[in-house]
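What follows is a pair of complexes built around chain A, which joins chain B in one and chain C in the other.
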Partner chain A sequence: MIHPRKWLVPALYILFLMLPIYGLLAMSFKTTGEILGGFSFFPQQFTLANYKVIFTDPTWYNGYINSIIYVVINTVISVSVALPAAYAFSRYRFLGDKHLFFWLLTNRMAPPAVFALPFFQLYSAIGLFDTHIAVALAHCLFNIPLTVWILEGFMSGIPKELDETAYLDGYSFSRFFIRIFIPTIAAGIGVAMFFCFMYSWVELLLAKTLTSVDAKPIAATMTRTASSSGYELGLLAAAGSLTIIPGAVVIYFVRNYIAKGFALGRV
Partner chain B sequence: MATIRFKNVQHAYPPPKGQEPVYALKEVNQIWEDGGAYALLGPSGCGKTTLLNTISGLLTPSEGEVYFDDQDVTNLPTSERRIAQVFQFPVVYDTMTVFDNLAFPLRNRGMEETAVKQRVDQIAEMLDLTANLNKRASGLTADGKQKISLGRGLVRSDVNAILFDEPLTVIDPHLKWQLRSKLKELHQQTGITMIYVTHDQVEALTFANKVVVMYDGAVVQVGTPVELFNRPNHKFVGYFIGSPGMNFLPCRIDGGQPVFHNIPLNTAYPVGSDLSGNIEVGIRPEFVEFADDGIPVIIEKIEDLGRYQVITVKHESEVIKMVVDEGHLIPTESPKIQFNPNQTRIYCDDWVVGGSSNE
Partner chain C sequence: MNKTLNQKAWWLVAPVLLLVAFNAFIPLMTVVNYAFQETFGNNVFFWEGTTWFEQVLRSERFHDAFQRQLMFTGMILAIEVPLGIGVALTMPRKGPWVSVCLVLMALPLLIPWNVVGAMWNIFALPDIGLLGYTLNSMGIDYNFTRQPVAAWLTTVLMDVWHWTSLIVLLCYAGLSSIPDDYYQAANIDGASRWAIFRYIQLPKMKRVLTIAILLRFMDSFMIYTEPFVLTGGGPGNTTTFLSIDLVKIALGQFDLGPAAAMSLVYFLVVLLICWVFYTLMMRNEEQ
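And now, the complex of A and B:
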């Protein structure tokens, strides 16, 4: 028997989830005056001016470019470092392997604020302050352990006979790893990259502390609520709406694999 | 093509912390003749797979050397040993088509593409994979995948040996039989050394002309199926080969002949009286028969298996199994049994004594 109002609960749930996003989106098409004037469900004076400012003013659009640069650098570093590490954890037994594997996870147990000061001092001392690589490296502290955990789960699902067969068939380790193993765990790499991307994209504290002008991320730009021209709430809403898009695009590509990652209990 | 020789090969896996290493292989000295069809038979965990991996080089033994002809290959990497190996569970390269999977070992050795195609077609034909050649390997069923694994093992003609590690476990019974005879046929055509690991005695005895029985990390006997049946070197071989397995009864020795519960028995292979240790007499159920005179027994159970029946009898607390042809009369009153002296063996501490190994 199909209940006639079966759709009601999920529909309400989605409605509540979408409400703040709708609010943000609606605000981004309003003028600041209208936002401050009172609540309206639809924009009374529909305007694209907020978006125009973001796409023309370098202090705004550079924020996006900076964020994307360090997120990409971070994802590339994390995955390329974690691949061999995860392979070692999944295939070899060595002294202290289990302790080390767990210790990786403890890196995620401290709040980023704990590391902000030492990073700031270190990067200032060696001249990395306010560069993209500084933020990317700082995020590695959290992303590499996570990536190792995710990839280890996927790799352990591949029988080691695959490695052995490749050697028997005449492949060296490096050729096997690049030509056979990496394509085989492509789904896992996709999931790992997604999580690196997500974490690095939304992290604010370290990114803000370690940059000032040249590498300032969009999230830091958005924390200024007022400028010389007064409140700019419409502009902030537009910036916020745009910030959601990259995440939505990335999750679209890995949507089929995410569930597998969760099933492995590693995400 | 080469004769594979094991010299004092031993292997221990790294033990858990604070424990003594356990040897998975205990001092194996073994020669695998070029062109032989060997079956490696033994219970799970007796070191069969470890032994195979030492041949293929996936494992470097902790002690001893492995030779291919006169070349010491102990430290040679797997990719340079020219060994093909098929594992128990299917291993396919998911990202490739069936054709590319089969062609992979050939292409890696720089074979010309026309020759590759010819060879792959031939193997695919043999394994009934022709219709699937252009499909992606990841979409196949488990036995389809295992056929690819088999094919990849068989496709190279330049190998020193092909090792099969229980390759037909995931295959349907009727197909199993068919593939096994194909393997045997291929062996006769090519003369490549094949080593076939199994724990199924029927599989071993039908495939191989030499059976290597392993028990607890050691090779306990090498021989033809008939030799293994007639003269098990070790109690384990007696139990493991034959159905039901060999009977073992405690005894003492008097004048070179065994005495069981004060009943003298006869053997064609007398031993010295100075034997010490745990002495037992072994007899296959096929060579136990009812007689007018002999060991008095009580009949416990009769199982009719068609052409023959298995009878379980008891003398005091000792259980003896016997195989009797269908229609043979079973005495009802105070039955007695006798052993065929030519098939009665004496075992001391699990190993056979008396008689020579090449009868």
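And now, the complex of A and C:
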């Protein structure tokens, strides 16, 4: 049943995925003159000037630092509050549990465009505007429901006997949860963190609405530069290329969890 | 799994409830506030009843944006789901190539959305982009900033590029949970390739596939940043999807009343479709 030319499909698909990324990378090594002069597949006058600008100008590199800070805060908050909640949903019945679960999911469905302006007013009113924590909290709106959903799937795949045996052995709930349960669903936590990181890192609309200077994400820095300084495509391409790196690092670390993790869980 | 009745479980859910409610209720009430009232600033509001809703539901602009949105979501689902399943089925199942495939395929998922838009903009520029230049030098007249069809195709292609991998990853995870014995048994029985797919692989992928489709539906229905950066909703209004239109009305024209009413209608539509889908999914699972 294994067809000899089976590898062609994934290979062509990956080629298709890589082409636009290559286009971006190639452009980041070109000078503005060369970019506007016409199309060339390889950079003719190879230059690192675009990257040098980003690494020496604080308005640029602070963007990366800001983005990473709020993404990490968001991932930590989302996973740590979702863990007990997912446990409750997977193990217990309680008043309104099904409605609550669906209500949580509805927040995953709320278009950020709907919430942009109210969020701005809310976070300004409580004095958190332009802080990392504001963006991290706002991203909880869609990341917590997703995390609960993923973790609940994983936890339901773990037999209840594990809990019962531990309680019989005299474990308290919190000791059981931290010592036994969390290590058991490590793969699930890996997958959940991957999704939290992903959705928080790529989101721009809310992050841009809730910040102005101190917590401005890199993605927003890019849009500003693109509009104000005209046609600096090389700089834009270099900044864009650099935003791929954190994602690539995260994928490399969780690559085994993604394949195995999903298979283990009910998801 | 049979669950025990335990009302104290509410305490475990409480932190999630508080955090999400803080982010959901207050902004939603703000939207509701604007949707039924008229304001001229200074926190002075006048009751408008359902005027804005009637205005939105009757407006041609909303109908057009809604139609474009449905068409876009339909098109990307029709391409991404079969393509995703196809790639997942042909991916290697063991060996070093698995990691290579997974890492490379997941890459588009982790690129910020405006960078995706900017990347495709650069890629498709007719005179200096890889795609645009290649197409034009092959004699195809292609310019996505001026031709509506080209703009549509580029937007759809961008979304396929961006999100098909999510379906591949989820399906691949479902497939890798099938033990080798199943395939051996199917081989001994002389099952056809189609029979293996229909009776072994598809059932195992069903749950992940539902999740993938649900996620793709929700995200594509809310799409804003990528097409906004790529085409800015143009040429004209041809790629102005619901979110783009909403932001134009709310922040561009500052018509908060109609924008809020439109937000609520928009949200309710997504909610309704997802509720139907979710109920069907849960009913299937209980059987």
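One rule holds for everything that comes next: the second predicted complex is superposed on the first by the 242 of 267 C-alpha atoms of A that agree within 3 Å, B and C clash if a C-alpha of one lies under 4 Å from a C-alpha of the other, contacts with A are read in each partner's own complex, and residues count from 1 in each chain.
What we mean here is this: contacts are C-beta pairs under 8 Å (C-beta built on N, C-alpha and C of every residue); 3 or more make two chains touch, one makes a residue touch a chain.
Keep in mind the model is a prediction, meaning the values are calculated, not measured.
Superposition of the two structures on chain A shows chain C fitting alongside chain B with no clash.
By the touch criterion defined above, A:Arg93 reaches both chain B and chain C.
In the superposed model, A:Ala219 makes contact with chain C only, not with chain B. In the superposition on chain A, A:Ile133 makes contact with neither chain B nor chain C. Of the two partner chains, chain C is the only one that A:Phe16 touches; chain B does not reach it. With both structures placed on the common chain, the touch criterion links A:Asp169 to chain B but leaves chain C unconnected.
Contacts of A:Ala187 after superposition: neither chain B nor chain C is touched. Of the two partner chains, neither chain B nor chain C is touched by A:Val53.
With both complexes placed on chain A, chain A has more residues touched by C than by the other of chain B and chain C.
In the superposed model, A:Val72 makes contact with neither chain B nor chain C. For the pair chain B and chain C, the least inter-chain C-alpha distance in the overlaid model is 6 Å.
Overlaid on A, the two complexes show chain B and chain C touching the same residues of chain A, namely 93.
Contact residues of chain A toward chain B in the complex are 93, 159, 161-162, 164-165, 167-172, 180, 183-184.
Residues of chain B that touch chain A in their complex: 14, 56-58, 77-79, 83-85, 87, 89, 91, 93-95, 104-105, 108-109, 149, 152.
If you check the complex, the residues on chain A that touch chain C are 1, 6-10, 13-14, 16-24, 27, 35-36, 38-39, 41, 77, 81-82, 84-85, 87-95, 97, 100, 102, 104-119, 121-122, 137-138, 140-141, 144-145, 148, 156, 160, 197-198, 201-205, 218-219, 222-223, 226, 233, 236-237, 240, 243-244, 246-248, 250-252, 255-256, 258-264, 266-267. Residues of chain C that touch chain A in their complex: 1, 3-10, 12-13, 15-17, 19-20, 22-24, 26-28, 30-31, 83, 86-87, 90-92, 98-99, 101-115, 118-120, 122-123, 127-131, 133, 161, 164-165, 168-170, 172-174, 176-177, 183, 187, 193, 196, 207-208, 211, 218, 221-222, 224-225, 229, 242-244, 246-247, 250-251, 256, 263, 266-267, 270-271, 274-275, 278.
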